[in-house]
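Since the structure comes first, as structure tokens, the remarks are kept for the end.
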């Protein structure tokens, strides 16, 4: 992530030459605070490019038709309009659910885990990634909510005191799921919104009086940027990051429990939680790339979302893709090592049985395609990056399909084996959620700051109150110091004074 | 006015006995007798007359029509809608609202009546089951179980038709009156092959009255045995006495009954019928089967030889020859293997002389019956106390269809009354051209339950009363006089029963009285039956009451007929020419000869062999299919990778169409692979393709020969009609058929797509002999049943948890009852009786062909049927073993489904059931995914509210057509919730019956207290008084099973319960034991009893034994 | 520049929060009180085609419950009497009462009324959903009185639903049946009280009906089930 | 700005950069002011110390919120599953040994309640939402969310004086010093 350079000290320097790690700049071309404000707010203040409309209108239509009509037909007629049977009880519904919820994970990971690990490069992408989380979880939520046979009875899932004196089964992974996903959505929403408050205030302060100013004013809560607010705010942000990190790990673990706690061969395996979490991060980053690379071009944000960001994400995809590939192989080994016929068969049929093509798609998209990222040239070529990201999106969908359908269609008793194929309603609904996701994301670009303005400003060199102090510090080898080093020294200085 | 005899201030002392019959709950105690006298009181003062008493209890529609209006599905509104309680105006006798009443009756059938106990609720018959008191009781089959649905079928004929158009019944009554007046009428009557003493008596009276009257009997699948044995003579087998049985293409266990079959199955259990003896192969019978395609019987066989039908006679002659019966006319050149097989088998038969039994399929041509009669005679098997005896039935002097045709053509018969359950216009041999002959009659009166092709070809069609609506009598297989009594007045006013019609013709004025007479007098059929019975059982009301109570007259049997061994000089049948195929016109397990085509339960029940539903297909062995060029590769029984078959799977499965040309005519029909079938043989089940509408894939409605009006909603567009290629000479099979491929394909619905166990020891099998394959002798194989397959090396399951509640008590806390079940694969043949019984008991909907193809069948019992062939089998690798395995919810003690339900909709009950609360279920379907047995069924649509039989209807949602008519709802069991869409359902061991039994038992506490005169707090209540008597409560599948394969009972009864004894024997194993689900239903491994001297003995009983 | 939002808006969020909280809390309270079977079902008192008074027939005339509800201890379903049960007496008694006109129309052939022979449609008061299988005989024969579910019907001029009949209400008794258990002799005695206890026991420690209920529970091995299939199948 | 007499909110002074703000803040702190604040477009590091502020007490809110969540999760699960209506599922015990099955929900509720505690605790500590504020009346304050750094000293502060404070702010490098008055 950083390159070691030999730095030539300025002519005024005396003393030994010290090699230091110079960070690549996160914001290029020495942009000013105001430029950043202008640039980011410009995305939502200027007229939208034609392309926005060209994308938004079809997405919104697809969302309305696919999700709206699809769900209306589903609820009015019955789950039978989907392709499931009394052999394969889950199909595209839960596949899509796990797919979308997995995508959400990158957002939280970027905003929370990278925050805690002081990865400042996250600042340019975290807002959009968090938005993606919210929208992906919304898309995901549609499936478990509406896949139930009696959606009008879904309130049975909520622990409400009732005249029937009956409660939920707290031992059910599905109930854990309900709690995990709703908590995840709520916390992500809080995190996203709180992170946005100072930026909404920025927009508010740029607005002329009117409806826009009122709305931004209301949602920015009267933010004044006073340090007595910033102080608590930063603490809250840190706490939320600390809460989200275990949460994001738990959510996909709990999703994996749906499978791992069952008795179904091919599901009943303890490696599922880490395997699912890694897969979720993997798929999530691919989706971030899929969306951010075009958005960056569209709105000219190259100075904010730099090739360094893309490079970093590509490396994460490579890492998690390799973990996922390891998990795929380990599954096979564990099945072999168990010596249980049913376990071995489950994987044999997955790989060679009626859904072999799904397995091949999964393996080639998830394990093989990221291997391009070993090469810097590939990581720097946006076309390759986009292609791999798209592959991973597809591959991760197939992973869930293989796990769910490939397993259920060939379970314990050959007498009940029957394959499954989706109906047009399921396909429509899935495409509808893609439309919904895009439409929501485009609305987000249109109305909300897609990059965290305050945090980006914070990463500039001059935002460190001590950035100009260092000329006086003889123990520094260079005046060009990485931002995080400034922070460290800045703190030391404060403490010394206090 | 009032007839409410139960209106006593005090309670009858022992009204615990409402479902006394057949439940074994009450032994013959004095209290029981007292109660019986009260139940059937002599000379109850309030009764106006006897007939009044008989009809009043059945007058439910008249009195209680509004009661069903109560069942409404109301969402809780702010204030609930007003609903009404509509009591009887005059309460009918013996009807206790909300309680079942049981009546003994029977279902008349060609092979002998099936004695039944009929469950009725407020006068609605809802369920039939075997009358176990009857001496010829042999369980029920799927047809008997499904017959109750016909009563309420929306396809049922309910209007009188004249030339196919609705006409007033009064017009028809005038025709009858005219006929009755004309004593010289040239009138002919065609009956079915069922035997009714009253009908026989009326025939005599008719002969006396109408001098020109002629009588015939016809059913489509009739055989020619009586031509060999004599008029009205039948062979009846007594399987309890048969040590060795040879079936020559005779499905005696299922579709071709030759006598009460339960004793056969009893002797398939090495531990004896009730599992009380030590396992011993000596007590078992041994079944040899020679057949061309798998039948249920063939699946049970210890040794099975597959032979194309054209060679069957040769094999039969060979057997005769080995027994020194000369058959000079039949050329005998058997293959080596066949000769060895037959020789060893005949040796075994000879060794069991007098205790062996040879049966030929009743539909086989005459020469077979000649030979088999001679063989049985030679083996000394015939006679009293022998496995076979001949009886003379009441159905004598009846002409056949050929003579009827002649009589019609030459004008001997001008008025024809068709009373047969068959459909001769459709199902008569094609070369007879019966339809043309029928047109020559002046008047044809057709009495039938369906407005089928014959109904439309007749002058008059009259809707027939269902047997549950009409008075009649019948004889069971051995000739026991058995009553058919109505449970309900005919649902539709125009219905007429056979005896009512005959009675009307016998009256002077020809007045047709049906249902009940004016002023509630009984139907003339009642009087006729009573008169017949008086001659058999004696006069007076006591024998009559006993008959109605028990359903049969004990001691009455057919007279034994002496049959002269016929001349063995039989004519050879034409040989099968080279490169042609033999075609078997098979009896269908779902529609029989086509008469059940409108019965949804039967249509939906998968064929026990092919597992196909809703259609028929030409069945062909894999090798033959490859030879024909239908498939490029031999279709494998088992693939290494679990791939889908060549025709696809589920909703995408289509079958290639072929043209079969035989007897000079050709039909197009889809092809299915059937394993274990003889090569070069095409099996085509009969009875399908009776009517088509615009939804038919091949637009066969356009041809016009089979319009949709000939069938109802169930049977329309169902299957392919093979009758047009069947001739009188080839009524059962034909030779010389040629086959042509077409490019067309037809979608088929197959419930089970994979036929092998894929190396998993699921339906286990052992043999009674040591075959030298290191699996040891019978004892060792028994010992290792539990270790077959994966279970041999899986470590035991140890739970981390103690199964305790807060107080440290066990979770399954009921100290009185812990339910469990065993299913004995040794006697289960895989018929659908249990499946249909479950459907009728538990209000299970049908879903239609399209849904079924997708795999959305709702049957709580999935009848898995596995084929297994040993890799080393060099005798006949194309002849696999067939092992059925019914799988319903096994009520795991540690049920994986329960823990995953988020809303507690499925939890365990205290007595060990895996309960399902439908109204709590939200339909996540997680439970079903996590069920290793896939025993759960999901209501993907509102099958109960949206008619699944109307094309695309389910997919129309709120705009779809609602269920047709009110009648199907009347069949519902009021004690079982009718499930709505979006909920999961499954077997719960008929929990409604268990609960009912428990409540009845607990009521005993009160009886005891009151009778002893003690204060109730002092009355003794012990575990013994509260526990249901041993094995007294039966579940629906168990009751229906003709093979006694299902044992059910209370684990806490210990060895007193047959179920617990079965659990104690070594054959007992848990399905998928290694997962640790601790199922309450366990299976008993199938035992094959091969003959060591047979050339194929080492491949017998090896379905799972080599799996590990 | 001036403030876009007027000063009063500073307190608006708090006011909105308080109002929303109050409304939501109120809604929950109102719903849990009014929209539960306790309120919705209990107290239902429809008028019947014939204003039959249980008070007169039971309390004053002393008829046993089973005179009319004759199968209540035999069947799961408690039957409502058929017309001829009423007619047995009322063809002789209260022959002219206008209240009984509907009965006479149906039962007296001499009136030649179009309703002759038709049943009377009584308005159903106690109703469990169709997926609930409540068995009267199971309760009555094990010492649960009519009164436990139906209240003092003998004191009712017009019958109304006294209890909610909700599942939670059922479970209360299934978990602690002793409060309702009584000797079988007292099951139809709706007037059963602590005073009756001494008739059935000499144990001085047993003073209240609940004490006796506890004893009966143990003695009769009463262990009501609470799993689903007890009522739902 | 109107000429009517209004209540004074305080002085608002702009500083050129984050470091200028930082140094000025130290001086304001050392001068003993209490009611004052630094406004910046992003959180300036170290400013808490420079302003002499204590560490935020928000973590305590969150801690107790989280504990409440854990307790709610445990209570809800245990009371309903073991006490009120125990159901037998997959032969799992219905006593304290079944609690491991409740961990996921206890965990999730811990996080959920912590999250709400963070949100509402933060709003309470920041005294937001407050849509109207005298500073919004300033003609330059809107730049505080863009690229300007301000120190606002409130008139409520006991050390505040109309002239002295202005001078003080000028001395520490403040520019465009503005007297902010409350509107009504």
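Note that the chains take the letters A, B, C and D in the order they are written out, and that residue 1 is the start of every chain.
Keep this in mind: contacts are C-beta pairs under 8 Å (C-beta built on N, C-alpha and C of every residue); 3 or more make two chains touch, one makes a residue touch a chain.
Worth saying up front: this structure is predicted, and the values here are computed from it rather than measured.
Asks: Would you identify the chain whose C-alpha centroid lies closest to the centroid of all protein C-alpha atoms displayed?
Replies: The most central chain here turns out to be B.
Asks: Consider the two chain pairs B-C and C-D; indicate the one with the greater count of contacting C-beta pairs.
Replies: B-C
Asks: Using the average of all C-alpha atoms in each chain as its centre, how far is it in Å between chain C and chain D?
Replies: Taking the average C-alpha coordinate of chain C and of chain D, the gap between them is 58 Å.
Asks: Measure off the straight-line distance from the CA centroid of chain B to the CA centroid of chain C, and report it in whole Å.
Replies: Computed from C-alpha means, the inter-chain centre distance equals 45 Å.
Asks: Where the CA atoms of chain A average out and where those of chain D average out, how many Å apart are those spots?
Replies: That pair's centroid distance is 28 Å.
Asks: Taking each chain's centre as the mean of its CA atoms, how far is chain A from chain C in angstrom?
Replies: The computed centroid separation for chain A versus chain C comes out at 56 Å.
Asks: Among the residues of chain A, which are close enough to touch at least two other chains?
Replies: Correct list: 165-169, 171, 173, 175, 217, 222.
Asks: Pull out every residue in chain B that's touching 2 or more other chains.
Replies: In chain B, the residues touching two or more other chains are 896, 898-899, 901, 904, 907-909, 920.
Asks: Mind pulling the residue numbers of chain C that touch at least two other chains?
Replies: 4-5, 10, 171, 227
Asks: Which chain B residues qualify as touching chain A in the complex?
Replies: So the residues of chain B in touch with chain A come to 640-644, 649-652, 752-760, 762, 789-790, 793-794, 851, 854-858, 862, 864-866, 885, 887, 896, 898-904, 907, 920-926, 928-930, 932-934, 936-942, 954-958, 980-984, 1072, 1074-1075, 1077.
Asks: Applying the document's contact rule, which stretches of chain B touch chain D when the two form their complex?
Replies: Result: residues 799, 801-806, 808, 811-812, 893-896, 898-899, 901, 904, 907-909, 1078 of chain B touch chain D.
Asks: Considering only the defined contacts, which chain A positions touch chain B in the complex?
Replies: Touch list, chain A to chain B: 73, 76-81, 83-90, 144, 147-151, 153-154, 156-157, 166-169, 171-175, 178, 258, 261-264, 339-342, 345, 348-349, 352-354, 356, 408, 410-421.
Asks: Considering the complex alone, what residue numbers of chain D touch chain C?
Replies: For chain D paired with chain C, touching residues are 85, 87-88, 129-134, 136-139, 141-142, 183-184.
Asks: Would you mind writing out the residues of chain C in touch with chain A in their complex?
Replies: Where chain C meets chain A, its residues are 4-5, 10, 32, 36-38, 164, 166-169, 171.
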